[in-house]
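Structure record follows, encoded as structure tokens.
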């Protein structure tokens, strides 16, 4: 095969190659991006800014049902009850209030009902220095023991602020103690977390790592 | 050299194909190859058929944010509202919020309180119209074992029954709006810059998508739109700002901007408002009565990667 | 108007050159063109769907595009490794070859610009980068510096090459002031393009793997290794394709004439030669004696083929009396490239470079020849005047001597040693203190938290580099075969080390400690191949245009329709008289 024929052959082959490429490009045979994984939309509970619980104050503010706090339908005024304690010194709840869960303080050291409630009027709370408060004014009662926390709360450092940081432009809301902390078991309850991040390249991400010795 | 052509012009006979027998066929073949390759080149561009809504002439010619006159900005905002309405069927309100005078934002995060519930992540996504698939989330919550700050030991994908888990603390990370931001330094077109109130903003219509800022950020705070973002229509937040949460396009960067559409109107960002544990604090550091001023004054705050010199506006602290 | 027309002719001839050649060229260019189109198609898909079609992610946000870019900036900068020996150290072997380095720099920069463009998320917004009409963040952003230095370097090299080729085309000696200052600027600029590119990485405080002073010196050392290594390989390819294949394939050449045994040459032959070559008179007696070793004189009849194009003997011939035609086969035609009279020298290129005979030498009339073996010619060239005379005669061709390649070898050798030394520095710094900042290096070399995708790559690179270094140090690499192996190993090793071994590990782990690995996708790979093919295509076309101009085949003197000059009249009459010689020279031409 002399050079002349070789050249012609190469040129013809090139032309055929380019035409084949043109056809292949038109048919779009490769390289389409893989479909992205369907990621379920997040449950709206995870974007809901409502506080953890509804306190008495919240209920009162929103005009809800306050019958749970009308203690004197059962209790008499000025009639202190007898608290019974078990052998570990923990208060034994009367069967009428058996559904309550009492875990106030480390090692449940503050489970004594009358540390907070006025024994003479169950609808009132009593601070140690004699202030009488209604149930929905419980924040001041919490403050009477939890001083530093209350100090921080007043400054906006503890608890959640919402609304306007620029007080001149609008109202702000400071959430009350009882809106996050149940007064009888104040420790912040664990809850299920929202779903974790979905990576763009799932194959490149490891399965959950183990916290081995580092 | 008996061929007739070379008798006429010997020294350059080879350069004149028409005079040489056999060259005609060669020229024809060459022309065929050239035509075939031209055809293949045009066919190679066939995928461009699928290009829709890539850019309008106005958007292409749009000037940098800092150079737009108020009238031009008004036109741009209207154009964006039209585009969003066309795509999502809902007409938003897009405003251009300017920084307030006498305001410098600071963010504080209480690591004792954070329980790792990730509500902040999703509240941010909902507020700021982030793409759901591919998923873009500005906030990343790290589950850290007690006793270390080594982020290599962090777990990003934890999914236990309930949080917090004993023995761990949770550290959410998002853009720290640094006072000395490396991302601003490296952007070749000044598409991102530090605004007067401390927020590091991005002009999404100016960004060229080189991702140098993403490489520069020591906190992995910036996100890139690898493809066109997808936001479900029913979850679109119509209260938008130009530098903030208006829907972004394919090929541009985005990141936390302290919810500009809220904060520059005086409100708390979405992550602060949703946190059930009250771990997040936000405010104006120039106001001595703001909660963040109190925190920086009284609490033992620290910043991440202080040695890099970024001077973040995001302070972490522990209590008790 | 005339100037415009002549420039147009120049350009159109250049363009024509790019489209017309032999089958090997068509095959090479056709294949490259097909790969380019595959890349273009892949890029069209990326343009439509976004960078999701690549393997990149928010965690690893730069991939093979930037890896290739980094490597190619180094290749472009290494063109300066030819310029420095020639213009600062006055190395003559490399003088004609500087342009090959500069053309490689042009092709490499074009590839760099292509790689950066395909990496952008919004390439339609390119105008935002232009100073004046966009917003150019200079001097703050290192990327803006990079834009300036890369484009400036491209313009610099295009200007220098264009000026040199244009001057050669016009048959003019290039004016010093139009290119020497630019050449020296080019030296500084070449170092700057690579330093600035290194600073892109070094300037990121949040990435401890990159934030180290040694990155810029490592870049330069590896660039000055890989660049000249590529040039060594490219020059050998150029040498091979610009020396034509044995015309025996064409079946049109007569075999070389047997010259007989001749007689031993003596001093009186040198005196005869000196009549026509006055410079010979001043050559010392000692050199004259030395160069006569093995020299013989032949009486050659007319129409004899003294040397045949493509032959591989290494004798050179001085013409004592008579006339010799040098002709070459081009496609189907013959071209008389030179006519030599008494005092002329031919065959010296083969003698000095070992390349196959570039042309066929035919005697025109009875000729007396002095044949010098290669070694004798070299001894003669120990005389300074003879040396420059012979070299300047050779300068009309592209002469890639083995000595030039060996000079480049010593550059690659030293640079590779420095490169390996700097690697050891880096390894010590990363691993000795066991600090947390060594996480990325640990991932790269040994794997981290069970992830080790890059380990085989980096260890291959280190093996290649070390092997190349050893080969380059040993004298065995003075032989071209081993030199080529060492160069290929060096290029591969450095490509991996600078590409996958630098860019990717900087992202793993992320600044928040997350481990996400990276694999280029099919589209990404096709685009990379497409851009490499585009670069090779550019280089091929540039050489295809440059070499004939440098060799004098394309020049203003032989433009179609130009006025004939004396030598051309000679040629024409000669050819016409030849065609009437049937059965002698004429019949041998087919």
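Structure notes:
Note that the chains are named A, B and C in the order they appear, and that numbering of residues resets to 1 at the start of each chain.
Following the convention adopted for this analysis, contacts are C-beta pairs under 8 Å (C-beta built on N, C-alpha and C of every residue); 3 or more make two chains touch, one makes a residue touch a chain.
As the structure is a computational prediction, the values presented were derived from the model and not from experiment.
The chain with its Cα centroid farthest from the Cα centroid of chain C is A.
Interface comparison, A-B versus A-C: the pair with the greater number of contacting C-beta pairs is A-B.
The most central chain, judged by the distance from its Cα centroid to the centroid of all protein Cα atoms shown, is B. As a whole-number value, the distance joining the C-alpha centres of chain B and chain C reads 43 Å.
Spacing of chain A relative to chain B, judged by their CA centroids, is 28 angstrom.
With each centre defined as the average position of its C-alpha atoms, the distance from chain A to chain C rounds to 67 Å.
Shared interface positions of chain A, i.e. residues touching 2 or more other chains, are given as 4, 7, 11, 14, 18, 21, 25, 33, 36, 200, 205, 209. Across the assembly, chain C contributes residues 26, 30, 33-34, 37-38, 41, 45, 49, 52, 57-59, 331-332, 449 that each touch 2 or more other chains.
Shared interface positions of chain B, defined as residues touching 2 or more other chains, are 22, 30, 33, 37, 40, 43-44, 46-47, 134, 140, 150, 152-153, 156, 226-227. On chain C, the positions that touch chain B within their shared complex are 13, 16, 19-20, 26, 30, 33-34, 37-38, 40-41, 44-45, 47-52, 56-59, 61-62, 116, 119-126, 128-129, 134-137, 140-144, 147, 200, 203-207, 330-336, 436, 439, 449, 506-507, 509-514, 554, 558-560, 568, 571-572, 575-576, 578-579, 586, 589-590.
By the touch criterion stated above, chain B contacts chain A in their complex at residues 22, 25-26, 29-30, 32-33, 36-37, 39-40, 42-44, 46-47, 100, 103, 113, 115-119, 121-123, 125-126, 132-135, 137, 140, 145, 150, 152-153, 155-164, 226-227, 232, 235, 263, 265-268, 272-278, 280-284, 290-291, 294-295, 298-299. The touching residues of chain A, counted against chain B in their complex, run 4, 7-8, 11-12, 14-16, 18-19, 21-23, 25-26, 28, 33, 36-39, 41-42, 46-49, 51-52, 152, 155-166, 168-170, 172, 175, 180, 188, 190-198, 200, 205, 208-209, 211, 214.
Interface residues of chain A facing chain C in the complex, by the touch rule stated above, are 2-4, 6-7, 9-11, 13-14, 17-18, 21, 25, 30-33, 36, 199-201, 204-206, 209.
Touching chain C in their complex are the following residues of chain B: 1-3, 6-7, 9-17, 20, 22, 30, 33-34, 37, 40-41, 43-48, 50-51, 54-55, 60, 64, 134, 140, 142, 150-154, 156, 173, 182, 185-191, 206-212, 214-220, 222-228, 249-253, 305, 308-310.
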